Structure formats: structure tokens, C-alpha cells
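Two complexes follow with chain A in common, the first pairing it with chain B and the second with chain C.
After this line comes the complex of A and B, so read on.
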């Protein structure tokens, strides 16, 4: 495919990376630009639910059908990102019997496998469920790791020739004669993988077509070309528990509302969520009442949550969109459907399409719709193959290995590593070098970190997303510096220090909303280790001040 | 069932026996089904447990209690039963429990993980399983041994049998089996006609365990004489092994049976006004801590709350300190080792505090190291070297103090002390008897 069409995709979330993969597979020449690390926007700030469609089975059956269809696809093509947990819609005495029946019927109408469990059967499955749970509907919900999924999409696109630029913020859309002909980006540290301390550069990326997949930020991108894209960003809180209280997704069986889902996610459980419209997706209040609300409400389903340890909370903004004529008052009423806005048809501006709305579970379908649209414009006839070709890491693999024999790893460490790496496990974990565990909470070894560093440069937050290192209960207190240490010898000391600060700060950010009880103890211990033991707030190596060795006791018995 | 289709697995809830009306959700928490992940909430990774672990100190391949406990549990998922084999290297000394500043239920996690590991990974016909089961159920063998003590002692002491044990079962041939007494404590008790003192309000039920019954009846007799000296009515009910060696070998089913029997017996006595008294600190540990952590039979908590170690009990209820301070005894100088399980119950200083005041008795503490044997642990050929390395500090300190007699509450610590130094080893109750009873 020599003279291929060139496309710039804006946004490194699930939709953007999905579009990049799809277009690249069809032979187009794709450049993806993302202002932060992959998934930095909304994708990295979700609860990780792989919808069965059950949540939409009453209110939005079109979405429900799409969900179950894509759920099946992702179990197949992204098996190393998906955990087949199953899900429950649990009914408490306050939840209407009619709604329970409607939910069940809705699932059946949408071909979502659904079975009714008695309260005791549900508790047998999930022993921490409240005694008050009367019955439940079991559906094939799952848990998905959005980071891993996006990274796999981007890696596959890159493998097939796409250019992926993270830390590359779009500063302008290039418009010539009523046509978007490219974008201007500012590389935070020059093009290629991110290296701290490298000075920024600006680049004009000219392209035959531009896709705006910036999610909650699509409006801001549109505005660069004078377009009005009415995204209605809506914030929601997610609170992360230190351990999994459940291994099954637990939803509350009632019409839409706040705080009605618990998703087991890797080593943790994520509680969600709230739904409040905000005016600026980059600046909105993160309020403690939201955290209190999800814990209090969900403790009705799982009383153990009342006393359980939370390790952090984060907020995400949904890129909700509705055609301007609908004008819903309440953001919960806004459809979760997605919209493809071709600005040539809509605004008379060629060369640009915006994709808004939608949800993570159907990202691939959205990407396919966009890719179809772009290909049609350029007469490309290749059809979509993203539903059939497994992502890198999701080729056939077996987690049941002799971890000690093959990789020299203790059982749970080997198992978690292989689950994260999927079919890439052998390539990454087989090493003749010593391979110590660097992050103990999440069982991440040096080999896996080195692999991630190869991929993401000195950006330790990107390394974190690839490996989960520093995402456990110490929130990096015991491993951030070890991770930074792995940057040597490829990167020098000032780069490692800056990368360490970035990572440690990011870990701290989420913990601010979990500072009571056990996580407060953890934070204080982390603080003592980093500030006192490591002297990170006054290390002469970085302050540049000379150490006054004379001020110390010379050690002679006379004391001089 | 609904129209559940094709590629989705139905859940296993339906594959099991239908749940009757009398389904009791509490059963879910019984034994090996326990989900201890929430226990990891208390851990903030400080590693104090690792630095107090005697096995980790000498075996750099052992990942330590933090890994065995909160880390491993936190990494688990449902149906993820692959507990790492290193849990079998844990000696169950339970020092980590005492070391943890945040009350992480470490030994409970270890015990439960070990039981899962044994169930999943040790085939019941494997040499290791057989050996561990034999060691864990020492009391059953002891019954046989005590029936023909001289023959058994001669046999077990023979190098041919020791060689066979090592080759066939992996029981180290370095150690000599403890000799069976010619008369068990219980047979002495029966012959004696039971209790010599009757009392309505001072009553103890003696949990002697297997070892004092079969191997060191003199300790059990001391307990009876000391408590009768103070006017207690002593009951010696039927009992089984406390379960300590079973927990340590991951034989949780065996432990459950034994514990159930013991709880059922002793809860009746507690209801009749008896307190439960042990002479072995691992026995008292099992009844007080491990039973309530691992089981939920009717009366488990009551029995746990009514159980004491013998000297601890006397310190609470009698003026034993003053009595001993005024007493005298002719006794060789003693090198005292506090067993780890005594330490966990806060009892590691009482023997010194009480006995050092007796005129004619000189007791020296040999430090806070672990003896290394940890019950059946040091009997396994693969652990022998580790056990001796751990014990080295204690041996050295014993050699450094006056005299050549050891003192400790724990029968297996006593074996290790004897094995490492050749000292004869006494129990504190024997010294108390010598000081207080004519």
C-alpha cells in the first residue's frame, strides 16, 4: 500500500487507539497524538466494567445489544485484558420487584444470558453480600483493564506502521480553504518516547484527514477550527478498595442512580460512581461527599465496605453528547450512545470527523464505524478485521504454568505476571539476569518493568499503567524509587529523579481522598520513608548545596 | 435455567448440591473456604514481620511472612488456589504475629494458606504427605508407643530405624526420638484415683496435651501437685492433641476434628466453673488464638477466653511471686529459653521473674532468639539444617551461662535445647514444685 492515505487521530484513549489500529489494519497511514500518556483522559478513569449490557437492558436496549455483542468480541480478541468475573444485579428490599422482572425480561430480550439466584445462592457466590439481598440476576459482566487494552491497541497499530505520539498536545487545527489539513502539536519533550528534561518542540502534522477522538475534550479541539461540539462532560468518582471484597461484579438492581456498582479489578475492587455535569473537563471539584456517598450506599450491598480500607479515589469525566435539540436536564438522562459528526456535512468543513459519546465496552464498534466512514471517503475497500484478530498478548496462552521452573518466580507472582502479559509472557519474563520483585503489592518484577520502560521511555506513569507497579496498597511508598532505579543506566540521574517525582506525585494525588484509618497510616509511613529516610525533600544531591561534613562528629574520642 | 447460551460459562453455584432451607451461610467461613483477603487491609508493608522471622534470617530463599500472609492473600482471586510452596518453609513460630504493629492476622493467613497448599499440592499418597501426617498426628502413634514403651524406645533409638525414617519418610536421622515414659500421666492419674483436692470454687481442667502424657509425665504431675498445693480441684478430662502440629503441617481437617473434640469437652467444664490450664505454651496458644481464628464450633470463644498457661494462672489468682520469693530449693543453675509461642502470649518473662527469686535457684535468660525446631518442623530432613542454624544463637548463649541444665515450657524447644547442647531440660513447673511442695 504505497501511496496510502494519511490520517491523524487525536486522543489516546480507547476510541483513539481503537481507530488507529483499525485504520492501520486497513492500510492507512496513521499518526495518533495524545497530550498525556495513553488513557490519560477518560479511559484511564473508569471502573473497568466490561458490560454484559445488563445495566442498559431496561433503559436503552440498543446499547444493551451492542454491549453483549462487543463483550463476546473482547473476551476473544483481548483475552489478556479481560477477567471473566460474571456479574450480579442484587435486589435489596427497597428495590422494586417490578424493576427486577423488567431487568430480567430486558436481558432476555437483548440476548444477554441471565439467571435468577436466590439470596442464599448469591451469598454462596459472594459471601460478603448483605443478608438483606433477596435475590439477584446473574449476567456475563466482566472486568477489563483499560490501560492494558489501549496499550495493546496502540502497540498493534505501531507494529503495523502507525506513529504513536504521547505527550503531544494538539495546539491547533490547520485549516486551509474550508478544509482541515492537519494539526499542530507541541511535543512536551520532543518526538518519540518521553524523556524527562528534554526540551519541547512544535510540529505540524499534515494529513489527508483528521479524526477528533478526544473524548471529553472534543469540544476544545473543535473550537480550534471554530466548531461548536456540545460535549457535556459529566464527572463521576471511583473509589478503590485495597482488596477484592468480591470476585463478581455486583450491581444494585434499581433504575439508574449513584453508587450502584462494585467491580473487582486486578487486586482491588472499584466502587462507582456519581454523575454530575461539569463545565471544564480539566478543572472541576473533587469532593469528599462523593466518596462518602459511594461507600455508604454500596455498604448496603456489601456491609464489609463500611470498615474496609480504600487506597485512593479518582474522578473521570464522561464525554456525554446529545444532539442539541434534546436538551436533557439531568446528565444521567443523556444517552450513552455514540455519535459520529462529519463536519463536512454538519459545518461545511472538510477533512475532520469527531466521534463523541459512547462507552468503553463498545470502543471497538465505535472505531469500526469511524474507520468505515474514513475509508469510504477515500475509497479504501479493506474491511474491518478488528473483531477477529487478537490483540498483541491475547494469542492463545495458558496461565497455568510452572512459574518457578520457567521463570524462577513464586506462584502468585508468576501467575499475576502471566495474566498481565498474556501471550507475551515468555518473551518478557524469560531472562538470565536476576529478576527480583520490584513492586511487591502487585507482584511486578524487574523484567516486566524493563519491558515497559523500553516502550514508554522515562515516563514512569506510563510504566505504571503497563505493569500496575505502584498501584497496590502502599501506593508506591515502597517501590516508586525502585522503579526509578530501573531507568538506569539508559537514563541519567536527573531524569530518574524527575520521573520519580512525577510518579510519586501522581500516586499522592489519588490518596488525598483516602486519608483516614489504614491508608492514613500508610501515607504517614510513606512520608517518613521518603522525607526522612531518603531525605527526598532536602537531598544535597539535588539542592546543590555542599554537605557540611565538618559539622558532623569526627568520631574521635575527644569529640572534635 | 434460562436461555444461557454458548460461550458463557454458567456459574458453579449451580453445579453443586442444591441448597436446602437450612443452608447456613456461616459455614462459608469455616476452615479452608475462608477469605482472608480483607486481613491485608491492615498491612502497610513495613516489613517488621520479615525482620522478626527466624526462617528468613537464615534462609535467603524464604520470602518471609509478609509475602506468605498479606501479599499472597491480596494477590489471590477466586479459584486461584495456587499458594506458593514456600509456605511449607514457614515454621509456624508465629513471631510475626507479635511483631506486627498493625494487627495483621499473619499466622491465620499462613495456617489457612498452608492448608490450601497441602490440599491442592500434596497427594495423599506422597511421601511428604504421609510423613507430615504422621508427624502431625504424633499423639496417635504415641498411644501405641506408650503401650510398649521399652520396646518402642529401643526400636526408635536404633540407628537402623533412624536410617529408615530418613530414607523412607524424610524424618531426619540426626535427632533421637524422645523416649516414651514407662507410665503415662493419665495412667498415673487413674492409679492415683484422680484428684486429691475437692473444691467448689477453685477448679481447673488440665489440658496436658500428648507430650506431657506420653513423654514427660513428670511435668504433668508437677502441675497437679502445684495446683493441689494451692487448693485447686484438678480435672483431667479426655482430650486430643491441641492441633498445633496439624496447623503447622496444613492438616486442617485433622486439626478441626481434634479441636472440635476438645472444645466440646472443655466447654462443658467451663460451664461447670472450671478454667482451662495448660502446661505447654503451644497448647494454650492453640486453644486461645488458633481455634477462634480457624474454627467456629459452639463454645470456641468461651473456651479460648477461659484458657491460661499454668504459671500465668497462678500469677493472676495466687500470690505465687511472694511465695516463691520466700521459698528455697536445691536446683542446678538454669539456662531459660522463652518459646516463641510463650512470647506471643506475653509470657516470655514470667519464668525468670518468678523463679530467679527462689533461694538456691539461679535462672538466666538465654535471649530472644527462636530455638529453631518449631514442633515438627525441625524433624523434617529438608528443614534440619535451617532449624539448627536458627538454633545456633540459643545454643551459644546456653553454653555461655553457668550450669548445664536448660529450662523451657515448650516440649519441642526442650528437644532442640537438648539436641544442640546435650543439656537436660526442665519445665518451670518442676522448679515451682521443688520450691513450694514438700
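After this line comes the complex of A and C, so read on.
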């Protein structure tokens, strides 16, 4: 199979989908390929912080200024993905007074609104803050849902004519006469929405230009054309609590360090993080010390965390990059800035640009830079509009409407659904069919799941990212199988079974790092439900071993 | 002065109830205290004894044969050779006509909501016509607006599991419920209360029948009178009718809980629910009293013999923090790997160490300290608080509760009689 397009974008994270949206808005023909689901790389594995820039106000003021600028843009164009929580930089007795003053001054230098609160004022805002907190700086940090934002970018690009292919791994760059002329892609289950159990195909996708936006994996893509892209992946752990201990982002006010931030995210709070360079972004140890460190360190700021319930931990890999001549030893010293590498200028290879480094908050700005660059190559003069045109879901969004009656949903289910869907709520929730709640922890209804399945096929992990179903306290123990049931009648039983197995295993992966206290009890309950009540582990359809049915009890002689 | 009994059972699940009744039948005065409502209502209502061997082999046809070969330290081995038969006999006596399976030593294979089959030893009478070994064409019926059971997937899955009969599926809307009301307990209540609902349900199912001799519904066929509901539906449909056990909230689990609570009352066991044991007093050898929290007041309870039946990780009988695993009532030793990252396997259905967490016991079912000596001579343990077996993987949870509950309860009561004779 072969096909062609103007631009191939490699990578379905925030940067890749942002580039796809920007280029399609400027009238270009774009195909985006992603080896897993959207957000599968680093985007889906971040702490959900919408930076105010305060974090970089001392160490990296260029990044800080970009952050506050994009922070304002995203509140506007992605209102249904952003929660305006505000943020604190809290000072403990061990944290230097000089640094506190530098941070405050840095914020002011970078045009980041900053206000000093006394310890008591900070505790009034966040009652679980330690009595030891002496004072804090209040900044406009926010919480952002990276899944929703990334999917909204992809959806908008698709709406405008882009082709978005997930589960499509780039297996080679096509190079002819010192020019990249396309990519070879392996579709895990053929092109289009994902269907488990469908056999894979390969496709030669010829293009006038290729953008490598594979994040921590840009080095691997570059290597396919013999290029050396010096990405330095760095892992960090994030530990999810089962409730929001804070409604404001809480940072520790000290220079770079591990375990210094808590971000409220939907119904949870996310603790982060660590910073350790890894050699392979697909294969690195997920270690106990990292989980214990974030809990123990952050308990100094918020003592309640020491005994609180965590539901899982996950790791992300930062796509850090620095020019090879800098040679930082410690990954925390590597800049958070982004770099556009035009391989024609850099390596004498036409047709390919790599975008690397940067951070989620500035994804749109990175995408704009890349799109400007590509448009210049093509002589296209359209200007960037992504800072002004709202994303699908964020246009004309009136949160005050009473959706409860309108969609026959009980509050707060209706409220939660509408928060997730934004202005798409009408389109998704209007149905004549019964609309039961499928995931009780996160209050996700059938209509939302069916909408997500229409979008992402039988990949229930992609459905999960779009809806939050299975992401609450029970970690899918009570709803994975219900979600799989929603695949009928569009998909056959073997597809639903495999999709369920994939989702259940993915949910287990993160829970392994939270197996004590109530979450261990929950894990045992899930095990009992899936192994005892459903006998999924002994399922003859799974084991493939024939059962001698006639050897078993067929009922009592006097039974009916 | 403390409240005094011969035997005090801590924990109100299947093991605690069995221990209490076994003790009472030996003539002891027995009190049962439990911290919460039991987890019986979460369970399917099936009485699994042993469906798979510890190495995963199965499904096991004859669990009694297989139990005899279990390794030392398995709760069945600790309970002794007759405990399972004795415990099941007690259960059969209590359950009467409501349960089936006692006519044979063989396991039955029961269809699950997901379309697998599960080996079990005793099953509600409402489940019997659906057994997978019966070669009868089957129609599975689900209800619109529900999420736990998708009959089309279950039917195809049963076929993939190799069942020896044809299976078809239909989905109907349940009569007289609104979308907000579509819950298992609501369906069960309507079927109990209103014969008209049964008729209307049968009318909706009838057009889907294509000669099948049996019709399976999710287990919602009445909480109070499932036999009457089933008979009405069967007559109207001209086919036998059966239930497929579901996850929580489980109507068969609720029925079993009610049945066992009635039995406790009949046997003269005093039951106190919602009162957790928060402390205890002991000499080096014996538990003297326990302290029960009764709406914030600390009340001492004394007994000659104690049975610990507080459940496993789900029931709260075994707890863990980031450093260690413990038994919270009497602080009995719970063996576990020191490294928390050895408590689990990476495969979701792997051989998890945590699934086997619980106290080790001697052949008298008395919990053992880390050095292998008994913790207290008058304390026995039963049910999921026992370690050494993955009840979920083996499908052995109910059987272990019956066997160890029976053995612990009876031994507590006979020990007591011996003590009194000595005095």
C-alpha cells in the first residue's frame, strides 16, 4: 500500500498534534502517525501542571516568559481542558530566604503575577499545608488535562482534513538523493480506527516534508536516516492520590530538586517527581525509592500525604535536548527550552525537521515555530491562528447550564460529563437510548464511552484517556469489563476480550506501585472479582484447554 | 465486669458464621462481633471449594480428591481431613433447598456474566438449570440500560469456551423501570412484589425464543422469593429459567447473607454488627478480654475461647502499610517478603504474593508467631485471614471458610468443655 501527503508528522503527543492542527489551519495536507494511542509517550505521562512560569523564574527566564504567555493562551483556547487552580511556592524553614526573594523578583521580571502570602494566609487557602510553612508566593499556575487537550488538537486537525493514524509505527524514513521523501509505517491492525485482532499492514507514505515530533523517541527516528539527534531522555515518577488533598498547585520554594510539586488533577492529586537520565525511553526501571521519595518529601509540605491513599504511580520520560557541546552531567541542569533542528542545514539532508526539548505548557508555541518553518519551505504565507481559534469543546462553553435535566443525568454525573466534554456536550450526550453510568468512580456514562469508541476503535486505553473511565479509586476493577461490553455490537467478542485484557493489564501496571493500605485492599477485591466471580484467569477460552464438560456435575437428579 | 461468653467470634463473614454455629452446636454460648456488614453481599453466592490446584491445573472435577493432596500449610491441610466435609454438611443443613450440589462430590461448571465457566461445589437452586454440562440450547437475556452483562458477548464467549450447547442472546427492556432505576436490587424488588412484572417480562422475552429449552437472566430474579419468580417465568416461557451470578451488588450474595443471619438467630448466637474490636488484653499464653468499640464507648468482652475470622485484605483482617503486613486485631504475625516490590507479579493474573497474605496456623488452627510458637493457646483463626493460598485463583474461598470455620468453632467449643472438666 502506498499513499502521499504534503507533510507527515511523526508523533501523536501534544507537539505532534499541535503541529498537525496548525498546518491544517494553514491549508496544508497533513498525515500524523503515532505508534501507540494519542498521548502514549510523554504527553500522557506528565503531572498535569499548566506552568505559570514561576518554576523557571530564577533558573531560566526565557522559558518562564514563554510559559506565562502560553498559560494565558491556553486558558482561552482550551478552557475545557484547564482548571484555574492558582499555585503556591511554599517556603519551609530549610528553604533559603534569598531564594524566596529571587523567585519573587524573577516572577516580576517575567511578567508573572506574584503575591506573597503569610504562612497563615497560605494555610487558609490550603488547610493541609504544614504548620512549618513560613510563607508562600501565589502565582497563576493551573491544572490541565493533557489527554483532552491533545485529543482536541487531533480532532480539530482531522475535522480540517488531516489524516490521523494511531497504532502506526514508523519503521523507516524513505531517503532518496539526500532527501527524506516519506516514511514507512506499520499499522498494527490496518489503517483507520484500531481493531484488536485485525492483522497488520505496512504503508509507504510519501511526503513533501517530514516533521519528527517523536519527543523522547526523536533520536530513534533520526537514526533511521543515519542522523544523530542528541535527545537525553530523563525519567520522572508521578504518584496519584485518590482524592484532592489540595485545590491549588503546591510547589516547594527551593532550587531544583526531586519531589517538590503537588498538582490537583480532576478528582485526584498528583505528586512529582524525580529526574534521572535513562538510556532507552522504552525500557527503564520503575523504582520503589522514587515512589517512597515523593511521598516522604512532599509530606514535609503536606503531612496528610504520609498516610493518604495512592491509587497508582506512573513514569514519564522528558524529551530533554541540549546541543552536544554543552554536555551537562546532571539531567536537572539540561535546559527545558526547545530546539528546531533543520537537518538540511545541520546534516545536509533535505525534507526533514526535528523538534525536540520543550515542555507541555509551550506545545502550541513549539508547533507554531515548526509550522512557520514548514510554511516557509513551501512558500506558504498563511499566518498562525492557533492562539486565537478555540479548540473543539472550548468554543461557546456555558458551564452554568443545567445539563442534569437536559440529558437525564443525575448530578454530579451531569456536571462531570459536561466538564469533560465542554461545548461538545450536546452532541455527545443527546441520545434517545438509556444512558447508564459505566464507570462509577469517575462518573462516565455510556454515551461518552460510545462517542470515544467511535473515535478510537476497540482500543479501550484510548477510550480511557478520552473519558477518564477506569481512572478512579477502583482502577478499573469494577468497570473494565463494563467498558469492554460497550464495544458490542460494533465489535466481535474476540476483539472485546482482547481489548479487556489490554486495559486490565495496563491498569494493573500502575497499581503495582501503590500496593499498600486501602489500595492493596482494592487490588485484592479486584483480583477476587475478576478471578473468583468471573474466572477470567481460568477461562477455557483463554487457556485454550478443552474442558470435559460431561465429567462435571450436571445438576441434582430431582432438580429442574 | 466484662460481657462473658464461652466463645467469641470476631468477624461476620462465611467463616465467622460457620465457626459460631459449629461452636453453638457443641453446646457453647457464642457471641459474634463484626466491624462492618459482611462481604458476603459482594460475592457471587456460589460456594467454591477448589476449582484449580495451586499450580493452576484445572478445572478440577473432584475437589475432595484434590484437597487431600494439597501441600502442608495450605488452610485445607491445616484444618484436617474431615473439616471440609463437615463444614459443607453444616452448610447444606443451613441452606436446605435453596442450594444444590450436595448429591455429588463433583464440581459443577457455572456460566459467568463474562461468558466464562467457573467450577463450584454448591450453587443456588436458581443457578442449577444453567449448568454448562447440560446439553440444552440456551437463550441469554440481558436488560437495556445495564452495563454488567452484555448477553451477545457472553453467548459468543461461552461458545469460545467450548460449551456443549447452542447459545443465543437477546436484550429486552425491563418492565416498569426508568433509566435511573435500572439496578439489580430494583429489578429483584419489582419481581418479588408484582406478578404483573413477571408476566410483562416473559412477554418481552418470548418473541426472542427460538426453541431453546432454557433461558438465563442475570441474577436479579427476586431477593425474597426467587423460586416463585422463577416458576412464574418458566411457566410463561415454556422453558426452564436460571440465573447467572453477577458481581456486586449481588442479589444471590444478599440472599445468602439473609439466610445465614436467620440461621445464627435460630442457633442462639448473639450477633453484634458494626462494633469493631479495637484492643485486647492477654497474658503470655491466653487472650483474656477484647475491647469492642460500641458507638465510641470502649466495652470489654471476655470469653474462654476466641476465633479470629476477620477476612483477608478485602475484609480488613489483613492490613499493610509501605513497610509491612499485619493482622490488626491481635497483631498476629503475617509472613511476607520484606521487599514491597516482591508482593506482586507484573502480570495482572500472576501468582501474586499478596493474594496469599494471612496468618500461619498450627494443626489446631492457632496463629503462629514468627518463631513458630503459637501466639495464644485460646485463639484460632478461620477463613480468608489465613495465609498460604490464593483463594481467588484456586476458587477455594468459600470452601476454606466452611472447613476452617467449622474446625475452629468446634475445636474452640470442645476445648472449652475440656477446660471445664479439668476445673
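Operating definition for what follows: the second predicted complex is superposed on the first by the 534 of 560 C-alpha atoms of A that agree within 3 Å, B and C clash if a C-alpha of one lies under 4 Å from a C-alpha of the other, contacts with A are read in each partner's own complex, and residues count from 1 in each chain.
Quick note on the criterion: contacts are C-beta pairs under 8 Å (C-beta built on N, C-alpha and C of every residue); 3 or more make two chains touch, one makes a residue touch a chain.
These figures come from a predicted structure and were not determined experimentally.
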| item | value |
| --- | --- |
| First, second, both or neither for A:525, with chain B first and chain C second | both |
| First, second, both or neither for A:36, with chain B first and chain C second | neither |
| Partner touching more residues of chain A, whether chain B or chain C | C |
| A:222 touches, of chain B and chain C: first, second, both or neither? | neither |
| Partner chain in contact with A:121 - chain B first, chain C second, else both or neither | first |
| Partner chain(s) touched by A:504 [first = chain B, second = chain C, both, neither] | second |
| Chain B versus chain C as contact partner of A:331, first or second or both or neither | neither |
| Touching partner for A:492 - first (chain B), second (chain C), both, neither | second |
| Which of chain B and chain C A:138 touches, first, second, both or neither | first |
| Touched partner set for A:434, first chain B, second chain C, both or neither | second |
| Touching both chain C and chain B, counted on chain A across the two superposed complexes | 410, 478, 521, 525 |
| Residues of chain A that touch chain C when the two form their complex | 288, 292, 295, 408, 410, 433-438, 446, 478-479, 481-482, 484-489, 492-494, 496-497, 504-505, 507-509, 512, 515-517, 520-521, 523-525, 527-542, 546-557, 559-560 |
| Chain B-touching residues of chain A, taken from the complex the two chains share | 72, 75, 83-84, 86, 108, 111, 113-118, 120-121, 123-125, 127-128, 131, 138, 140, 242-245, 247, 264, 267, 304, 308-309, 404, 410-413, 415-416, 440-443, 472-474, 477-478, 518, 521-522, 525 |
| Residue ranges of chain B in contact with chain A within the complex | 1-5, 7-11, 13-14, 19, 23, 25, 28-29, 35, 37-38, 40-46, 63, 66-67, 71-78, 80, 82-86, 102 |
| Chain A-facing residues of chain C, complex | 42-44, 48, 51-52, 56, 58-59, 61, 100-104, 106-109, 112-119, 125, 128-129, 131-134, 144-150, 152-153, 156-157, 160-164, 179-180, 182, 234, 240, 245-248, 312-314, 316, 319-322, 339-341, 343-344, 346-349, 352, 354-355, 391-393, 395, 397 |
